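Okay, so chain A shows up in both of these, paired with chain B first and chain C after.
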Partner chain A sequence: MFVARSIAADHKDLIHDVSFDFHGRRMATCSSDQSVKVWDKSESGDWHCTASWKTHSGSVWRVTWAHPEFGQVLASCSFDRTAAVWEEIVGESNDKLRGQSHWVKRTTLVDSRTSVTDVKFAPKHMGLMLATCSADGIVRIYEAPDVMNLSQWSLQHEISCKLSCSCISWNPSSSRAHSPMIAVGSDDSSPNAMAKVQIFEYNENTRKYAKAETLMTVTDPVHDIAFAPNLGRSFHILAIATKDVRIFTLKPVRKELTSSGGPTKFELHIVAQFDNHNSQVWRVSWNITGTVLASSGDDGCVRLWKANYMDNWKCTGILKGNGSPVNGSSQQGNSNPSLGSNIPSLQNSLNGSSAGRKHN
Partner chain B sequence: MEKMSRVTTALGGSVLTGRTMHCHLDAPANAISVCRDAAQVVVAGRSIFKIYAIEEEQFVEKLNLRVGRKPSLNLSCADVVWHQMDENLLATAATNGVVVTWNLGRPSRNKQDQLFTEHKRTVNKVCFHPTEAHVLLSGSQDGFMKCFDLRRKDSVSTFSGQSESVRDVQFSIRDYFTFASTFENGNVQLWDIRRPDRCERMFTAHNGPVFCCDWHPEDRGWLATGGRDKMVKVWDMTTHRAKEMHCVQTIASVARVKWRPECRHHLATCSMMVDHNIYVWDVRRPFVPAAMFEEHRDVTTGIAWRHPHDPSFLLSGSKDSSLCQHLFRDASQPVERANPEGLCYGLFGDLAFAAKESLVAAESGRKPYTGDRRHPIFFKRKLDPAEPFAGLASSALSVFETEPGGGAMRWFVDTAERYALAGRPLAELCDHNAKVARELGRNQVAQTWTMLRTIYCSPGLLPTANLSHSVGKGGSCGLQLMNSFNLKDMAPGLGSETRLDRSKGDARSDTVLLDSSATLITNEDNEETEGSDVPADYLLGDVEGEDDELYLLDPEHTHPEEPECVLPQEAFPLRHEIVDTPPGPEHLQDKADSPHVSGSEADVASLAPVDSSFSLLSVSHALYDSRLPPDFFSVLVRDMLHFYAEQGDVQMAVSVLIVLGERVRKDIDEQTQEHWYTSYIDLLQRFRLWNVSNEVVKLSTSRAVSCLNQASTTLHVNCSHCKRPMSSRGWVCDRCHRCASMCAVCHHVVKGLFVWCQGCSHGGHLQHIMKWLEGSSHCPAGCGHLCEYS
Partner chain C sequence: MEELDGEPTVTLIPGVNSKKHQMCFDWGPGEMLVCETSFNKKEKSEMVPSCPFIYIIRKDVDVYSQVLRKLFNESHGIFVGLQRIEEELTGKSRKSQLVRVSKNYRSVIRACMEEMHQVAIAAKDPASGRQFSSQVSILSAMELIWNLCEILFIEVAPAGPLLLHLLDWVRLHVCEVDSLSADVLGSENPSKHESFWNLVTILVLQGRLDEARQMLSKEADTSPASAGMCRIMGELMRTMPILSPGNTQTLTELELKWQHWHEECERYLQDCTFASNPHLESLCKIMLGDEAALLEQKELLSNWYHFLVTRLLYSNPTVKPIDLQYYAQSSLDLFLGGESSPEPLDNILMAAFEFDIHQVIKECSIALSNWWFVAHLTDLLDHCKLLQSHNLYFGSNMREFLLLEYASGLFAHPSLWQLGVDYFDYCPELGRVSLELHIERIPLNTEQKALKVLRICEQRQMTEQVRSICKILAMKAVRNNRLGSALSWSIRAKDAAFATLVSDRFLRDYCERGCFSDLDLIDNLGPAMMLSDRLTFLGKYREFHRVYGEKRFADAASLLLSLMTSQIAPRSFWMTLLTDALPLLEQKQVIFSAEQTYELMQCLEDLTSGRPVHGGPDTQQCQDDDIETTKVEMLRLALARNLARAIVREGSLEGS
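Our next item is the complex of A and B:
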């Protein structure tokens, strides 16, 4: 069972994003009150705010951690048209006394002329790279050529998406068979029904990002998008938060079959679509193994989705924002009361199929 | 925020109608002002001065006030104001310091009425008295403010700000005699128009210039000021000291600020650089604009609400040479688009969730909604009356935790820590791992391990295959022995080959090596003695340098082996694979190269039989009860590994891959293996399972992976005797020719874990030191240091 631990965030306006670090021991929140807060988990499991500082002169939409190999580094993006990279400084004795750590701004990325709506560090194996997207429909990819120098970032790519962008997600796959890939969602709400999710892939030959795929079926504003942690899968799973929750799989068609050098072709399947939130879905987030998807919507609930061995996705839990139980959960046919044992139970359920296969 | 459903507003009989529209001007505008009938607007700029009629569908040019053949500087307007009592009266501030009044009632084409040439520099602002027909106020770059009576030829009084340029002046609506002025040095002054000698009050409002101010239209004594510091501040001027009521942080310097009619807390701002948009703020929610107008393509220079009692029409002029009418209902609302929730899955299966409080408000019996996008609005409306003020939103942050101590991913950590991946016969490894999986309640995984054991190490073989197998077995054993021996036995022969191979690139280093052979021998001996202490690890550690020979060897000798013949020797293939790995950056010189090595042969010989007997032992068990060779299963096993990987259990895929080693490796393409390894290692590192991660790296067969722990770590070691930096190779200090890493307790060279005191640099085997410190806190080397280990 989940236990809700309420935290007095003390942000002066809406919180727009929360983000755990690589090891899950730190958490960052950002808010419209223009500040970012960093929370550290104590031994007892309590979260303590160890830093809070004004980061931007507008709403801070997103905050994200870099891989710890690059240091304790955060990136934030804001309505004030900038993205910023922050680094924690150790050895500020004055601050340490108050249990506060010190974060310094390493760089401000000012290329956007409109609100920067999302910022994400690239998977570690690509080096220290950062992608931003902005309301003017441009995805920008920056790279810090020297990982020791966080104040120098060069703009490597500008990808025009034609539509106001709201969210991006890197494909986390570390396989050499998968070229760097980034999915972009748009919250453009104009009535023309254009596809709101585009996927761009890096082409080694042209050294540019080119559109690999457009999810034609997603025509409503997209608020969040997330590739599942890859963990050795040959295909990719993409979750989309729009007016409902959707899960797509992208299976790369074998390279040999496609014309060499061109963009990878994908077999695109929608494997799940849920409107249980009965409202706009704002966020989707994958667990670390990419087996459980959490989504949150205007109904104020978090819903957990999980595939059974038949690759049927089902709701396995509903969490109310304030921790109170949700009455509606019984309506979900497949709700699983003990979420803690999710994974083992999956293993059990999988037992039948794989064992069956082996006897073939 | 306010959704205006109507376009028309009834205002004392007259009705405002219109739509969002714009018209092109001939030149950039500097300022605009609206006639009191709300039907005309005047636009002024450096080379434009026109009156437009605001019609239903469009702006219609009504009058061009720039007349005369030769344009005068007097017509280069910095500001314009339309009298709010007299529809015919306008005033402009010229960039050359002239204040001009215009009378539209004049019959001639030239409507210019009066000319006041009193200011020395640009006049930034002109302002009519709200209730007095003939009083005009001006503020100039020269630091002076002047009050004109339009019935007289020159100014009535002059006010000196005693500071820098005046950016804005505005008569108070509340107080007949009072006006406010703002300055470039950040000050705001309050003047009584009857007392030009000194200001009534002065306070610093902003850092840097205060570009604008606006009195609240309702009688409240509130003054809004905007500055280059990107802030809009609202001051209560009724108290003795000006009190800051609200502070709005915008994203660019604030050029104009205008209170929104009929909306007590709203004001509109525009910026003079960078930002082209017009924002409407609710001052109670200082961080997020309530509305945003994005029509302009260049800096907005003038904004004006069309009618003093209509909150829905805003007019604006811009440097992009356009005049716009904005309808509030067409404004984009950043609040609406803003994401009200944040959600993140944690490592241990915990969920951090932040949501707008109204969304998660405790209403257990709330019925589900059927609408979509309007929910937040609906909510807001609903809650507004109840809350003292609804503008400010806040979020509730909570973390949903699974049971304490690991949570949903406990199984992963436990499995990673408890699995045995190498160093024992396959059967034992499988049994052990199956047991671990079963104990953790992962029955399918346990089952898989059991089946793997059945497939690969069950007794009983095909009778027909028996012969060839035994033959192969013999061969393989021999080969294995050879392999274990090769380091030394085959060294002379191989060494030359290797050297030849290398001579191209490495000739120089080889000679260096030979030169320092004396050092090497001692080095070698040391290692051998050390090695005999820990036979199992010895091979692993020792062969690290010799990859070249083995690399040469392996293709030759291991290829003829049939796969099932390799099976018996669980531990060996892995080791060989490690040997296969590309040389690390600090690649030790191959000892086998030098004939001296043969001297230590005895040690290895004593080692090898142990291992080979091991393997022989397991060979005897490696008979198959089924009539199927393991090859038969390889496809199935491969599928199974893929299955686990696709299911997100890369741990299983990698563990099986490592345990089975050569048996399955060939069936799975290199890239996929590497992908699994990197994924699993990444996961292990997330959980801070550094030891497991390192073991996996070491056991991995993929080149790209095994490189991982050989890169980007540099260890600088000083000799414990002479305190000089050690050369990169070997354990002997170049200078004092003594072995540096001697155990202070047993006086042997430490190979492997070496623990030492950072104070006196003495140390030794971890176990020895631990044991020593149980009895004494002094250094075992006898240096008298009170050693500290953390």
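Our next item is the complex of A and C:
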């Protein structure tokens, strides 16, 4: 059972990305109106826009939060070929009273020659690090060595993917058994372009990222990609949004069997493939425990996928709209709680034919 | 379990038009963020850029009901209690203890039902009244199912007692009887009440023969014509052999007696003893277990499982558990009579009669959207060692799967998450890591909450989570310039680097303002001071000020000196320390010994020799340099004077 409450977004153009912060009490939205808005949830559960500012000179494609260990930090990327890092400044007390906060730009990352299509912070155990990918086919990894000085970012790695990149995903696993890993997806539609999903792994010896795997079976443009949070598994799970939803497992092959010093070799298995969206799948994202995958597609729906513990994946929920108007004021959630019954007849069968409903 | 079959639940989001737009989204710890967008960037949207809404989607709103919250809280207590006594559950008492736990759960459900019913009645508008009423129905269904599972799986009632338990079960859940009874008995002339015979019939259907007999005696009193028949019927009712608890007769004996009694009833029927009173005749047929007669009473029976139990009572009271399913299936078929098909509740009960525990759990999971019921029931059944006995390799994992689902749901709630912690604790495989992931996400709005969360993590040696949470709080404090708070969080996080950072800020603040903030904290650092050199310095430096304030100049002097010579003072601070030495140097009495003075001079020289010469036209720079130079000059002078006096004093002392 789900209930939806709505908040008027107030952007002047299409919204491209929405992002919750780590605790789910703040969110950020970015839009073709070149601005980013930050919203805060009050104690009573209402959402208020506490900041709205122009961030780029082109459509802003993605916005993402850094881990709160680094403070209140956002990154955005745009059609204007740049990515930017923003930090919230604790304002004057009158600002606080008005419920406003200020965000200042700490740095602009200008290395890309083309639209920057995705920006993602690395897992926190790697420090304050982020990766961007661009239509020029290059993934760039930046690091801020001093967490207290966010204006200093250095370009640490440039990974050439040879194809226009659309999305990146860091492997969130902090296990010492796994080296840092990043997956890159490409939406390049030219027929020769083969490697639509590439996985790069950091090598401690060479101190560089090297290609570990290419998913050869993914030949259609990839729009989104997401590693699942790892609950102590020895293998990785990767979800891909392409012409369908695909879920792969990557089992590391034992190091002794591969040439030492090279990147890990993986056994790839596809564990699920769903074309319920009927056409392109645009976004995929995992819940915080990595037990449910959500996908969004051309059919205008968001679908939820879950595995039972025989590892059979199934669609367990669909979110969609039929165009009916938002009723009443926004912010009003459904105040009628229920233990819920998927099948209303459960209560009918108890009511049954007349008697039997009243309890004692 | 094999599958959560059934179609995916569709949630409609008002305001979204899936035909025109796609959606972008993001997961939050307890909610999902969804917004209309258009992914095909190449298309220029001709449509007027709408002002779309952002939608917050929340699952399991159920947990927010006040009444249900009590259910969750109390069942949590029972759950934890059950896990804890697991080791003590041995031997014969094990079963009775598990039955007791089951009854506890059920009484909690009933209490919740009661309250919910009161709320439904008191509801201001009909819509919410209906909502609450439907909740009551659902709770009632849950208790019905649980009760049956208790009888069949936990009590494991054998033939004989089985029927008694089932009778109790039916009586508990089909309770129109009592209100009907009150109506009839409360009237002036009960036996003439229009519902009199309905009452008698339903009493017979429920096997409440003593009460039925009393009713008949009233009829006998007021209607002499039927008195004789009533007496005979009453006798039949009185003499029906039943197994009573504590009765020592064997099943065979009972069966024999029952057979005789059954035949006696048959004889009366054949003799047309009751022919003149259709009601009584019907009762006789019922007591003979005549299916047609029973089915005529569909209205009063109201459901097939009542029909089943009555049928068993009057045709096969010593039914064996293993045979239940045949009777159940045929009862269901006969009762529905092909007019309607079984509903989810029917399927669940049927699965129970078939002793197919997995099917029960699976069907319940589908029919109920909240995991509460299946999680707790499965856990209890697991303690009864029932899941292992089913030859499915994921037997024990099902328990954990359901508990994890339930606990995860609790974490979406601002206060119920604390209950979730205990559930995770009792999931040996994935409980710990699930807890780690969930507990990090709890918003730390208040210090109290943060401390609570930290205590939970510390109790479980979740050191990484402790570190991370403290770091988040420390960072927040630093950004809000609450240095004392930042420092204590850094210490708790055992984060030396951050402690150094905060200490530096303290020292910088001191340099700018001439005083310390958060003195209490710094004064009482204790062993935590050792976390980082800078922190140690901060603590010791503050101590210097304190000692100086207490006019213990000699101690202050040695402390100050040791701060410089032990290298824990950052070089940038040396000038400040030396400047602090000035008042001590200019006291009337000599405080620094000659040797100490030499050391101070050494420090000063070290400091000034390392300083680059500032050239350049910058006037401000020059001014700063001037100030610096003046300070250095003053220090040199003061040190020299002190040295002189120290030498003289020491020379004299030695002399005398």
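Quick note on the criterion: the second predicted complex is superposed on the first by the 318 of 360 C-alpha atoms of A that agree within 3 Å, B and C clash if a C-alpha of one lies under 4 Å from a C-alpha of the other, contacts with A are read in each partner's own complex, and residues count from 1 in each chain.
The rule is simple: a residue touches a chain if its C-beta (ideal position, glycine included) is under 8 Å from a C-beta of that chain, and two chains touch if they have at least 3 such contacts.
Since the structure is predicted, the reported quantities are computational estimates derived from the model, not experimental observations.
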After lining up the shared chain so the two structures overlap, which partner does A:316 touch, if you call chain B first and chain C second: first, second, both or neither?
second
May I ask you to decide whether A:160 touches chain B, chain C, both, or neither, giving the answer as first, second, both or neither?
neither
Looking at the overlay, does A:223 come into contact with chain B only (first), chain C only (second), both, or neither?
both
What is the contact status of A:176 with respect to chain B (first) and chain C (second): first, second, both, or neither?
first
Based on the superposed arrangement, let me know which partner A:289 touches: chain B (first), chain C (second), both, or neither?
both
Now for A:43: first (chain B), second (chain C), both, or neither, which partner does it touch?
second
Where does A:12 make contact in the superposed view: on chain B (first), on chain C (second), on both, or on neither?
both
Going by the contact rule set out at the top, does A:206 touch chain B (first), chain C (second), both, or neither?
neither
I'd like to know which partner A:151 touches here: chain B for first, chain C for second, both or neither.
neither
Where on chain A do the contacts with chain B and the contacts with chain C coincide?
1-9, 11-20, 22-24, 27, 29, 32-33, 47, 59, 124, 223, 229, 231-232, 280, 282-283, 285-289, 291, 294, 296-300, 302, 319-325, 327, 339-343, 346-348, 350-351, 354-355, 357-358, 360
Using the touch definition up top, name the residues of chain A that touch chain C in the complex.
1-20, 22-25, 27, 29, 32-33, 39, 43, 47, 59, 68-72, 88, 90, 124, 148, 223, 229, 231-232, 280, 282-283, 285-289, 291, 294, 296-304, 306, 308-310, 312, 314-327, 330, 333-334, 336-343, 345-360
Give the list of chain A residues in touch with chain B in this complex.
1-9, 11-20, 22-24, 27, 29-34, 45, 47, 57-59, 61, 79-81, 115, 124-125, 173-177, 187, 223-224, 228-235, 243, 278-280, 282-292, 294-300, 302, 319-325, 327-328, 339-344, 346-348, 350-351, 354-355, 357-358, 360
With touch defined as at the start, can you tell me which chain B residues reach chain A in the complex?
230, 249-251, 285, 287-288, 334, 337-356, 359-362, 364-365, 368-373, 375-376, 392-404, 407-409, 411-412, 440-445, 447-448, 451, 636, 639-640, 642-643, 645-650, 653-654, 671-672, 674-676, 678-680, 682-683, 685-688, 704
Interface residues, chain C side, partner chain A - complex
1-4, 6, 8-39, 41, 45, 49, 51-65, 68, 110, 113-114, 117, 127-128, 131, 134-144, 172-176, 178-179, 298-300, 302-303, 306, 343-346, 366-370, 372, 394, 397-398, 401, 408, 430, 433-434, 437-438, 440-445, 468, 471-472, 475-476, 478-481, 501
